[in-house]
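I am attaching a structure below and will ask some questions about it afterwards.
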Amino acid sequence: MPDGQLPVLDVRDLKTVFRTRRGEVHAVNSVSFDLKPGELLGVVGESGSGKSVTMMSLIGLLPSPPAEVRDGQVLFGDKDLLKADDDTLRSIRGARIGFVFQDPMTSLNPVFTVGYQLMEPLRKHMGLGKKAARARAQELLELVGIPDAGRRLKDYPHQFSGGMRQRVMIAIALACDPEVLIADEPTTALDVTIQAQILELVKELRQKLGMAIVWITHDLGVIAGIADRVMVMYGGQIVEHAPVKELFGNPQHPYTRALLGTVPAMHGTREARLRVIEGQPPVLDAPPAACPFRARCTHSFDRCERENPQRVPVGPLHDAACFWNPETGGPRDA
Amino acid sequence: MLTFTIRRLLLAIPTLLLISLVIFLLLELAPGDPMAQVPLTVPPEVKEKMRQALGLGEPVHIRYLKWIWQFFVIEPMNLIDAMFGTMLAEGQLRVISWQTRSPVMDIVAQRLPQTLWVVGVAYVVAVLIAIPIGVYSAYRQYSWFDQAGTFVTMVGFSVPPFFSGVLVIVIFSVNLGWFPSIYDTTHRVTDWDSFVVQLQQMIMPVMVLALQITSQISRFMRASMLDNLGQDYVRTARAKGMTENVVVLMHVLRNSMIPVVTVIALGIPSIFGGAIITEQVFKVNGIGQLLITAIQANDMPMVQTLTFIFAVLIVLFNLIADVLYGILDPRIRYD
Amino acid sequence: ERGSDGQLNIIYWQAPSTLNPFLSGGTKEVESASMIIEPLVRFDSEGNMVPWLAAEIPTLENGGVAEDLKSITWTLKEGVLWSDGTPLTAADAVFTWEYCTHPEGGCAQSSYFDGVSSVEAVDDLTIKVSFTEAKPFPYTAFVGSESPIIQAAQFADCLGAKAPECTEANFNPIGTGPFMVTEFKPNDVITLEMNPNFREADKPAFSTVVFKGGGDAAAAARSVMETGEYDYAWNLQLDPMLLDEMQSKGLGTVVSAFATSVERIHVNQTNPDPSLGEGRATLENPHPFLTDPAIGKAMSMAIDRELLVEIGYGAGGQPTCNVLPAPAVYASTANDDCLVQDIEGAKAVLEEAGWTDTDGDGIRDKDGIKLSVLYQTSTNAVRQDTQALVKQWWEEIGIETELRNIDASVFFGGDPGSPDTFQKFFADIEMYTNNFAGVDPEAYMANWRCSEIPSPATQWQGSNMQRFCSEEYDALVDQLSQTAGIEARAEIVKQMNDMLMQSYTIIPLIWRGNPSAHANTLGGVMMNDWDSEIWNIKDWHRIDG
Amino acid sequence: MTETDRTPAAPAGTPAEPAANPAGAGAAAAPDPATTYRAPRNQWLDVWDQFKSHRGALIGAAVFILILLAVTVGPYIWTIDPTYIDIRAKNQGPTLAHPLGTDQLGRDTLARMLAGGRVSIAVGLTAMALSIVIGTVIGVIAGYFKRLDGPLMRFTDLFLALPLLPLLLVAVLLFRDMLSKAFGPEGGVFILIVSLIGITSWMQTARIVRGDVLALKEREFVLAGRSIGTPSRRMITRHILPNVLSPIMVSATLGIATAIITESALSFLGFGFPPDFPTWGRLLFDSVDRMQLYPERVIWPGLAISLTVLSVNYIGDGLRDALDPRIRGR
Amino acid sequence: MPDGTPPRKLVEVQDLKMHFPIYGGVLRRRVGEVKAVDGVSFDIHEGETLGLVGESGCGKSTCGRAVLRLYEVTDGAVRIEGENIADWSPEHLRKVRPKMQMVFQDPQASLNPRMTVASIIGEPLDEHTKQSKKAKLDRVYHLMDAVGLNRDFANRYPHEFSGGQRQRIGIARALALNPRFIVCDEPIAALDVSIQAQVVNLLEDLQEEFGLTYLFISHDLSMVRHIADRVAVMYLGKIVELAPRDALYDAPLHPYTQALLSAVPEPDPSLEARTERIILKGDVPSPAKPPKGCNFCTRCPQVMDICRQTEPVYREVSPGRFTACHLQDGHTPQTQQQQQAPDAGQPAPARRHEQNQQGEDK
């Protein structure tokens, strides 16, 4: 992937908290990453690790209250999205940053036709007339591989299968040729065969349209198939970040390593017993003063209890937030 | 949808026949006598004669069948006659009110305009007020507007119209002298001035009725909006860059209206009968007042016919509500 | 001058259901119709007869009444026209008689033709009414607002069973009165306009009338005395204080008229105990204690009638000790000591009769029988206030009282299937108002004959509610029917009244007037309870207030 | 943009609330120093915990309890007989002897308010209870047993169409004597009115409950119950009923309000309790005519009705939240 | 694990059909049916785990539920230890419920949110045993130990647990009455990857400890590979292939199985790049209107004319391997799509002809 290019999206030190009746939930803690044009950044991590919240914080989609973006910068081009006013954000959402959500069954409005929902951003952001918008909508549906697109524009979401709905969601996200596409677990609700269809589609579209993509999932297999770079999140933080091959080939953070170990293989030898990550995910009720993974970590030592490790480079384009060095099996020197 | 409607209509026939029978038997059992209003000075033999003249001597089932025949065959024929000038029902005995000795349907037709004017307008006004209140209360849940709205609507819900009605009369008619306290049913709207007069006399009953209806519908609206505001598609709409107006007023409202529209439709039958007290207070003399005077005068044919008309309307609007549900919500398929 | 005073607005809080008083005998129907159709004679506010369509009142003296008292001959005024321009003739009166006495017609006023054997048109203007027996008081048929004359031409096809079907005629009768109907909405509103053919050239003063019905008495009063929307409101039985307050606004005036209505308490002489089955409340089973006149007397003495008036009637009522308080010639003064409440006296009466409180529970008893009564009446705010007060007084003198109130349509409904009718009287005490129409009490006083006692045999029909039975009284009734001459008749009537009073089976409470209100700008109102309240509407006019 | 308070914090299926779990290491190492035998906690305790955190509901409950106390205990403290007539003291304004004044017969308004409240609230509570019981039974049966669904829903339609007033007249005729013999005249009317309001107002509840049961029947824990072999009866009591509790509660709170108001409307139409028998609706109705002379007399009952309805409504809001485990868990 | 001696058949399913009626028209007549399960047959041996995989909506859950007679089946027989459960009366069925239990897909939805853990796990005991309260509680604690739940959690409510813990509660409930046979209906589908492993391990441990027999329903093929001894693949209400695990994963016979296996993403970028995916086109047809002929014909990359005409027969193509595909019956695709030809079958030209004739006759 092109290296020297300027990132389209540069997130620095993002912090998001939720205010609830039982106190604050620190869902995202100092998350920084960037996204280069045309790149596909995979984000993995277990449920509740803050993947969605991070992405939704970027473009102000979190409900506020209870959510509050505390800190950080989100540079999109030359604008800081966190400081932008609502109008600016609205002109970016859907137009320059597209979003695909996890659940295709509920993400579409059940009472509007698919065509209407697809044409909405086209007319708003691209100022297309009705006719032009319809033509473009049909084009988009064809692009995502829905047969008989012209007729199906008039259908309602419930007349589409899950896979087709997810494709419609993708079409909506792509409608205005965004520079960035954020896909939040877009295939989790789908079957493997349908998932394979969608993944294939995304690969194809990426080649055709060349946009930057953030792909959230907790399925490592999916990431392995399509990502260029991967971010691993745990407890509201990025714990490891590397190009895809490097990550799978040389995982540095104990969580990543454990995660890779839990998935049974499709080929080769069968382990007699699956490896598990014991314990519970952390409680995010305070800004972390220690490593969030320490309680479940097989390699933790006293420093992990005292300090929250920062991301340090551990290889080419590879960084991890851990005090433990897998190569040496001992602590990593700062 | 069509077969669903047809099936429900077919099912409605036995239901309605059963309802009519139940109503008839109920009224048959009810105590009271159409002669109650005849002064005590009238001797009993005379009363007995008058009773016979009303057909009270005949056995129950004959009277029921007669009523059924008159209601389902002769009255529709009369309607046709009235509309097309035909003579189908010439000379046939219609459902006759014991009290006024005139055809029940004619009186009902006479009462409809004021009921529709007052109660209908109140309903429309109430709905028009309730929806924005409900929408905004939900959108700003727990804001002062929401809290105040809850408070006012609950108070509105708990104030019986015999009180609020007299209260507005005392304020606006007696003390301020702005509006007439008694509704003039003979008033005809012909030009602007008479329209203004009509508005003046409608304003208080409409206010009182609308308060109650608004209270209820705005609660429904709020609850429904709250349900929908949390849905995923709202987030999708925002992610598309739609303005809050579009998000709330197009996406959420449209979905929230689905259950509310059916609630509204189900409330319509009450237009025809539910405003009894308000009608009494303002002397609107609509259908509700007709029912209550008929009950007081033991005017069985009138009570029977009116309650049955309400039953028909209830069944009909139940059906309409279901159909509306199906039309508004593309996910619902009746079949 | 005719029609110069614009519109007259009248509100009756009960709306008329028809304009044919022969089909429905309610006050509202009769009075609304009285603007349109007229009788031969009306009663004025004092109860005197005033010739209306008749040229004069026939009497024995002027030969209008036959010597044998078996017929009366009326002469119509000349030149009276129906509102459609045709002349009124004797044939119309004949027709009216036929109409109302038709066996299938269910005429509500047929009692006015009781004993009438025939009505003949002697000539166009002369009507001869013959009776089967001698009638000492022959002024019944065609007298008063309940017995008006309808137009033969209009009702010709409406005889008998067809009467109710003539909606057009029933809702829009052609009359000789000052107004004629332009639109009739049953149970709602009547609009009328002046009758161009009315016999008095300069009347009525109002060109149109709106006769609105519906609502309640308070609202009607308010619309006359507080907002001034209406000129006349009928039957304002309201808290007297409230009426005073409204009157003080200066827009309207409350007026009342008294006729013969008396709010009274009936003391059941038979036993209403349900365990008696068929024999319940019949003469075979006398009441266990109420047959003792001492109890009735004590009950009557314990009541402060003045206070009842003050609380519930105001100017619309006067305390009375007679069941027949009017006309003046018939009113007895023999019982007037009941006007003053005497609790101690009442206790003494009971004491003397042997009713003492032996077990100290505050209720008097004798021979194991407790003075405990069930007191029923119809549902009506004033009646319930009265009930509450009376109950308190009676309990003070040691009579336990349970109250019950019954919906008026059931109580007065006369349905033989219902246990709650006032005729069945399945209670110890009941209270309501009764009166008689016209000025002659003969029929009214006959109500208390033994033969008038309701019983299963008569399908509970009958008017002797308290089951008073006295041969002596029955003899007086017969005597009255054979006596002519006001003085002689008055003597007998007073005697009957006193006999009833002293039996203490009826406890009269209040001589009820009829309070109505009219705007201060309305002139000519002469309250009248003997006839229609608006009997002289032709004379009403606008005055500058 | 406000998000509703009801949306779950995280998509369903995510591991449970961090706050509810002992932090960190192996859940087995429980932080509970006591024994493993912890006294079973009452579910209602959790409900109460949640309820407490709803300010409106708490105030509502306090007001409602106050009203309840006033009408139940009040008459023992304020011992003036509400039907005692002291004609010399009629139409008084508030005085020490009569804190709320007296009516046109000199009866003490406070005593009448207390006695009336007792009746009104009793009518509200029992009519509501009746309508809820009928509605729930019909709704659950219709929803749970597919075969009975059609007939029961038609039955519901029938009741929707039944007119209240004629029904009342008939019931009075048929049952009044029987009932007043058994329960005394006022008791009889009370039972009549309550049953009539109950009988004519359960339909809404039945529909809602049926809808919920239909949905619930498809939930897996019902299937799980079946796979265990739980018979229908216990299926309903154990699995279905507790889970339709929230909509029932909401219906119930609304039901109290409507019953109180319906009773007052019946008084207006002359079908309610005997006029000398005070209820709030009756007191309000009786004083409406004298509103201008004695405005306080409409204010007391009006205030009482509104306060009751309001407080019950807020309690309902709070209960709905408290009974919803999704919200309670948060 | 099955050893040398052929194990006893615990469950035999024969031509099981579960059709849900569709009503329609003015009179609400039955106008059709959803053929959720349309004639499946398989056996489960004592102590083994049979994996059942397939797409969402293909009828896996329905099949699992029908096997436990949670539905009244339309047709076919389910024998447990030789007895046909369809013949049992409701009361008898209730009595034998303890023998066969179920673990459900959604740990949240399958636990009554208003019951405590103790009462959820204790419910089967309440229904089927007459032990004292104390004994029951002991048993509940014992079960909680067995599935690795802290005894302290007994009085908590389901919502206070993580997904994995909830699923343990469900498993404890299923174990309460010492069943022989457990249907696991996608027990891990709703769980996080890191927790899935815990549950699967637990299931395996319990199987070892109590000698349980599982019908393990899942769409996670890699997990099925891990846990199952034999695997059945369902498509649109029918089993298209059933084979011992390794045979199936190494050499799938049915084109659908092939597509399914190839679609599983491999968490290894180097492998990922090398694998050739079979991307199916189109959507799954509705089970209310299955296509004529082979159910898979609308999406099959190797579809032939005969597939659109004749339904392939489900048969044993080699010992222990069952499939229903015309390719296995010796037909070759006319429109070759350069997929590697399945080599398991022995095409016999003569038979192919015969078969064709038959197909046209039908």
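By letter and in written order, the chains are A, B, C, D and E; residue numbering begins at 1 in each of them.
Here is the rule we use: a contact is a pair of C-beta atoms (placed from the backbone, for glycine too) under 8 Å apart; a residue touches a chain by one contact, two chains touch by 3 or more.
Fair warning: this is a prediction, and the values are worked out from it, not measured in the lab.
Shared contact partners of chain B and chain C, listed by label: D. Comparing mean CA positions across the assembly, the chain most remote from chain E is C.
Ranked by number of C-beta pairs in contact, the top chain pair is B-C.
In terms of their C-alpha centroids, the spacing between chain A and chain B amounts to 55 Å. Each chain gets one centre point, the mean of its Cα atoms, and the points for chain A and chain C are 91 Å apart. Computed centre separation for the pair chain C/chain D is 48 angstrom, with centres defined by C-alpha atoms. For chain A, residues that reach two or more other chains under the stated contact definition are 47, 103, 278, 280-281.
Residue numbers of chain E whose C-beta contacts span two or more other chains: 162-163, 192.
Under the contact definition stated at the top, the residues of chain C that touch 2 or more other chains are 407, 418.
Interface of chain B with chain D (complex): residues 11, 15, 18-19, 22-23, 26-27, 29-32, 138-142, 150-151, 154-155, 157-160, 162-163, 166-167, 170, 174, 226-227, 229-230, 238, 244, 276-277, 280, 291-292, 295, 303, 307, 310-311, 314-315, 318.
Partner chain C is touched in their complex by these residues of chain B: 31-33, 35-54, 93, 96-97, 99-103, 106-107, 110-111, 166, 169, 173-174, 177, 180-182, 184-186, 280-283, 285, 289-290, 293, 296-298. By the touch criterion given at the top, residues 1-7, 154, 157-158, 160-163, 165-167, 169-170, 172-174, 257, 260-261, 264-265, 268-269, 281, 284-285, 288-289, 291-292, 298, 302, 305-306, 308-310, 313 of chain D touch chain B in their complex.
Contact residues of chain E toward chain A in the complex are 55-56, 162-163, 192-194, 196-198, 200-201, 204, 219, 221-223, 225-226, 249, 259-272, 277, 279-281, 283-284.
Chain D meets chain E in the complex at residues 12-17, 20-21, 27-28, 30, 32, 36, 38-41, 43, 46, 219-221, 223-231, 234, 238-239, 242-243, 245, 325-326, 328-329.
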